[in-house]
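Take a look at the structures listed below.
Shared between the two complexes below is chain A, which pairs with chain B and chain C, respectively.
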Partner chain A sequence: MFDYNFHWRPVLKSFPDLIQAGFVTLEIASLAMLLGIVIGLCLALMRINMKGPLKWFAVTWIEIARNTPALFQLFFFGFGLGAFGINLSPFTIILTGLSFNCAGYLAENFRGGFQAIPVMQINSARCLGMNSWQAYTRIVIPQVLRIVYYPITNQMVWAVLMSSLGMLVGFKELSGETQFFASKTFRVFEYFAVAAVIYYVIVKIVLGASRLLAMRLFRY
Partner chain B sequence: MKKIITALLSIAALNSVTVTADTLDDVADRGTLRCGVVLDFPPIGYRDANNEPAGFDVDYCHDLAKSLEVDVKIMPLTWSERLPVIATGRADVVFGGTSDSLARARTVGFSIPYAIYYSQGVVNSKSNITSIDDIRGKRVAAALGTLPEQEWLKIAAKWGEENLYQSYQSENEVFLAVAQGKADIGLTTNTAIKPITQQYANLEAGPRMPWVADYTSIVGKRQDVTWLNYLNLFVTHQVRSGRYQELWDKYVGSDAPDLRIPGVMY
Partner chain C sequence: MIQIRDLHKHFGDLHVLKGINLDVSKGEVLSIIGSSGSGKSTLLYCINGLEAIQQGTVHINGTDVHAKNTDINKLRQKLGMVFQQWNSFPHLTTLENVALAPRIVKGKSKEEALELAAKQLKHVGLGDKLKNYPVSLSGGQQQRLAIARALAMEPEYMLFDEATSALDPEKVGEVLDTMRLLAEEGMTMICVTHEMGFAREVSDRVAYFHEGIMEEIGPPQQIFEDAQSEHTRKFLMNVR
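Moving on to the complex of A and B:
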C-alpha cells in the first residue's frame, strides 16, 4: 500500500540549486556535443577516405563507442584509466566519456551524410579549380551538415539525458544534485519528479533552439 | 424504539472494534518479514564469499524475524532505495546504517538507535593526512547523500574547498577512488575501516572526523507507531540478551558502543 504524503515545500526551497545543476547538465552536454561533432566529422572522413591504420583507428573507435554501454565507457575513463595511474577529474571523465560516445554515433550519421552527396559534385568542384580542401569545406560539408542536422539534434538530446550517468563517477549534475537532496530529506519521489520535469524542459529548450536555428540556417 | 436502540448500540459496538491492521499484524499474518538491508556497508551489510547477504544488519533481520516467529525475506537495497521500499510498502523494515536525522524523520519513522558509528577517513598511504587540518587543499570523497558527505560539505564551505569534494554513488567507488589516487581521503564509518584497509594494500586508517556520532535507527513507516514501538522493544531486547554485543564483536571486533545518550532519557 502506498502510504505517503507528498511535501513539495522542501523541493521548492532547493529549486534554485536544482536549476543550477540543470545548467551544469546543459553545459556538459553542449561541450560534449561540440567535441563530438568535430571528432565525429574527422572519424567519418577517416573511415571513408583513408586506408590503413587511420581507417582502422576510426572503425575501432566507432565500433566501441556504439556497441558498448555508455556506462562502461564512463567507468573506463574513470576507474579503468585510474587503474593505470591516470586520474582524470570527474568533470574530465564525464566530458571525455560523453564526447567519445557522441563522436562514435555522430561519425556514422556523418558517413550517411557524406554518402548522400553525389561524387559528381566533388568532381565538378575540382573541375572549377577548387582544391580538395575547398571542395570539402565549401561544397560537401555544408550540405552534409544540412542532411545530418536533425540526427545531430537527436544526439544532443541523448547527450543531455546521458549526462545523468555523471553522478556515478563523482560528477554532480542534475541527477547527482537530486539524489543528494533526496537522500538528505528522504523526499525521494518529490525530488525525482521535479528533476524529471527539469530534464523535460531542458530537452524542450534544446529542441526549440535547434528548430529556430534551422529556420535561420535553412531559409533557402 | 427498542429496535432502534439495539441498532444504534450494535453500530457503536462495531465501531469500537474496528481497528486498522498495522505492519505488526500484516507480518504475523503473512508469516514473512520483508527486511531491507544495504549491502554496500561492510561489515554491517555486505555479500560474503558465496555472494550471499551477510553482516551485522543481516543478522539483525534474522533476529527480528525470529522474535516475530516468522520467516525472513532479505531485500538487498541501494542507499537511495531505502525510502521508496518503505513508502510503497515493499519492505516492512529497513536496516542499513540510516542516520536518524530530523529532516528524514519528517518522512519516515525511526526506532531508537540500534547502532552508533562515528565518521572516519580512509586515506591513500601517499597522502600524508594524519589530522583534520592536513585535509586542507586535498581531494575528499564520500558516498552521495551520506551523513559524512553532508557534514563534510559544511566544513568544506567554511574552508572554501567545495570544489575539491567528489561524491560517488556508493562507498565501494569511494574506496576505489582513494586507492587509485583520484581522491586523497574517503569519508566513511569507523566500522568499514578494518575490512577496507585489508582489501586495499595502499589504504590506511585516517583521522576521526570532528562531527557528532552517527546514530542509526531501524526504519519503518512513519504513521505506524505500533510497529515502531515493537522495533524499539526489539532493540532493547537485543542489548539485554547480549546479542548486540555478540554480533558487534563478530563483525566489528570490539566493544559495542553504549546506545545510551548521556543526559537523555528515552
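Moving on to the complex of A and C:
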C-alpha cells in the first residue's frame, strides 16, 4: 500500500541545525510576545480610557489583528510595504507581523483583565492619596497580570507555533530551516516530522517554565 | 475642621443632596443615620472628592476640596476612608497593604513604612497576621486591615461608609470596637452607619438624613429620645 522508504539519516545529520533553528523560533516568539505585551497593554488602556483618535487607533489595530489572517498581516509588512519601496529584512517582517498580531489579541485579554478589577480598588487607592498612575501601577496592573497570566501563556504558545509563518517570508526559523533541508534532500516527511517533535518540545518547555514562574509570582 | 456649605449633588436627573450645611470640628465623632438612598454615603464621597459636586463648597482645614487648583492627593492624606466593602489589595500581604501608601505617597523609607504598618496592624488587633494575604482573613479582619491602612497615612479625619454593613453579624462587634477605640483616642470621625447602638453610645452628634436633606442633627440623646422630625421618629421606630 505504501511505497515509501523512510530515510532518517539526513535528518539526523542536520539535527543540530534544526535545534539551532528551534532556538531562533523561541527567540522570535519571545521577542514578539515582549513587544506584544507592552503594546497590547497600551492598546487596552487607550481603548478603555481614551476618546477620539487614540481610541480609534487602538480599536482599528485590534480589529485588524484579530479579524484577518496572521499570514496576510505578515505579507503586508513584507510584500505590502515592499511595494512602496520599504524593504524590511525577513527578521523584521516576522517580528513586526507577529508583534502586531499578538498585541491585538493581548489587548483584548488585558481589557478583560482591567474590567475584572472592581472600581473600588482604584477608589481605595486614591483615598490613600495615591495618584492615578500609582493606583494603576501598584494596585490595578499587578492584579490584571495575574488574571491574564494564563491567557498570556496561551498566546506565547500561539506565537511559537505561528512563527512558522516565517518560512513564507524567507526567514529561517525552525520551519524555514526544515523547508530548506527538505527541499534539498527531498525527505519532506522525515524533516517535518522531526520539526513537529521539536515544536512540541519547545511548547512543553514554555509551559513548564510559565508554571514555575507562576509558582514564584503568585503567592496568594 | 470640615465645613460644608449649601452642598448639592446630582446624578443625572437624580437630586441626591439638596443643600447640606454641616460643620465637623476637630475631635468630634459624628454619626450619620438614615435610610438607604438618603445621600449619606454620597456626602462622604463629596467630602473626599471621589464625587464631583454641582453646587456649594466643602472645605477641609480651609482648603476647598473641589477647587481646580487643589492638590486632591495631598488633601486626601488628611482624610482616611473606610468603605462598606473592605477592598483589601489581594496581591499584597496585610503588612504590605498598610505599608504601601506611606512609602509611595508620603515617601517614607521601606523600613519606616513597614514598622509603621506593623504598629497600626497591632493597634487594630492584627499583629499576628502580618504575613497573611487578605484572602485568608475574615471579613471583620479585612475591615480592620482597611482601618489600619487608612490610619497608617496618619489622617486627621476618618470617614466610615457603613463599615459594618457587609459583615457577618458576629464580626460586627470587633470592627465597632476598633472604631470605638479610635473615637476614645480623639480621632475626628464621620460614620455613616446603621448601627444605632454605636451611634448612640460613641457619637458626639447624630445627623439624620432623609431624601437628600439633613433633617435633624443633635446630641444622640436628643435624636434618639426627643426627635423633632416626624421622619426621624418613624425611621428610628423601624430600625429598633
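Following the convention adopted for this analysis, the second predicted complex is superposed on the first by the 219 of 220 C-alpha atoms of A that agree within 3 Å, B and C clash if a C-alpha of one lies under 4 Å from a C-alpha of the other, contacts with A are read in each partner's own complex, and residues count from 1 in each chain.
Operating definition for what follows: a contact is a pair of C-beta atoms (placed from the backbone, for glycine too) under 8 Å apart; a residue touches a chain by one contact, two chains touch by 3 or more.
Computed from a predicted model, the values in this text were never measured in an experiment.
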With both structures lined up on chain A, is it a clash or a fit for chain B and chain C? fit
More residues of chain A are touched by which partner: chain B or chain C? B
Return first, second, both or neither, reflecting whether A:123 touches chain B, chain C, both chains, or no partner chain. second
Which superposed partner A:82 touches (first chain B, second chain C, both, neither): first
In the overlaid three-chain picture, which partner chain does A:146 touch, first (chain B) or second (chain C), both, or neither? second
Would you check which partner chain A:92 touches, where first means chain B only, second means chain C only, and both and neither mean what they say? neither
Touch check for A:4: first (chain B), second (chain C), both, or neither? first
Computed vertex angle (chain A) for partners chain B and chain C, CA, steps of 10°: 170
Have a look at where A:176 lands relative to chain B and chain C in the superposition and call it first, second, both or neither. first
Quick one: smallest Cα-Cα gap between chain B and chain C in the superposed arrangement, Å? 47
Which bits of chain B are touching chain A when the two form their complex? 79-80, 82-84, 87-89, 101, 103-104, 106-108, 141, 144-146, 149-150, 166-169, 173, 176-177, 180-182, 221, 223
With touch defined as at the start, can you tell me which chain C residues reach chain A in the complex? 48, 50, 73-74, 76-77, 79-81, 83, 85, 87, 89-91, 100-101, 104-106, 133-135, 146, 149-150, 153
Across the complex, what residues on chain A touch chain B? 1-4, 7, 10, 78-79, 82-83, 85, 87, 90, 167-170, 172, 176, 179-180, 182-189
Flag every residue of chain A that touches chain C in the complex, lowest number first. 118, 120-121, 123-131, 134, 138-139, 142-143, 146, 219-220
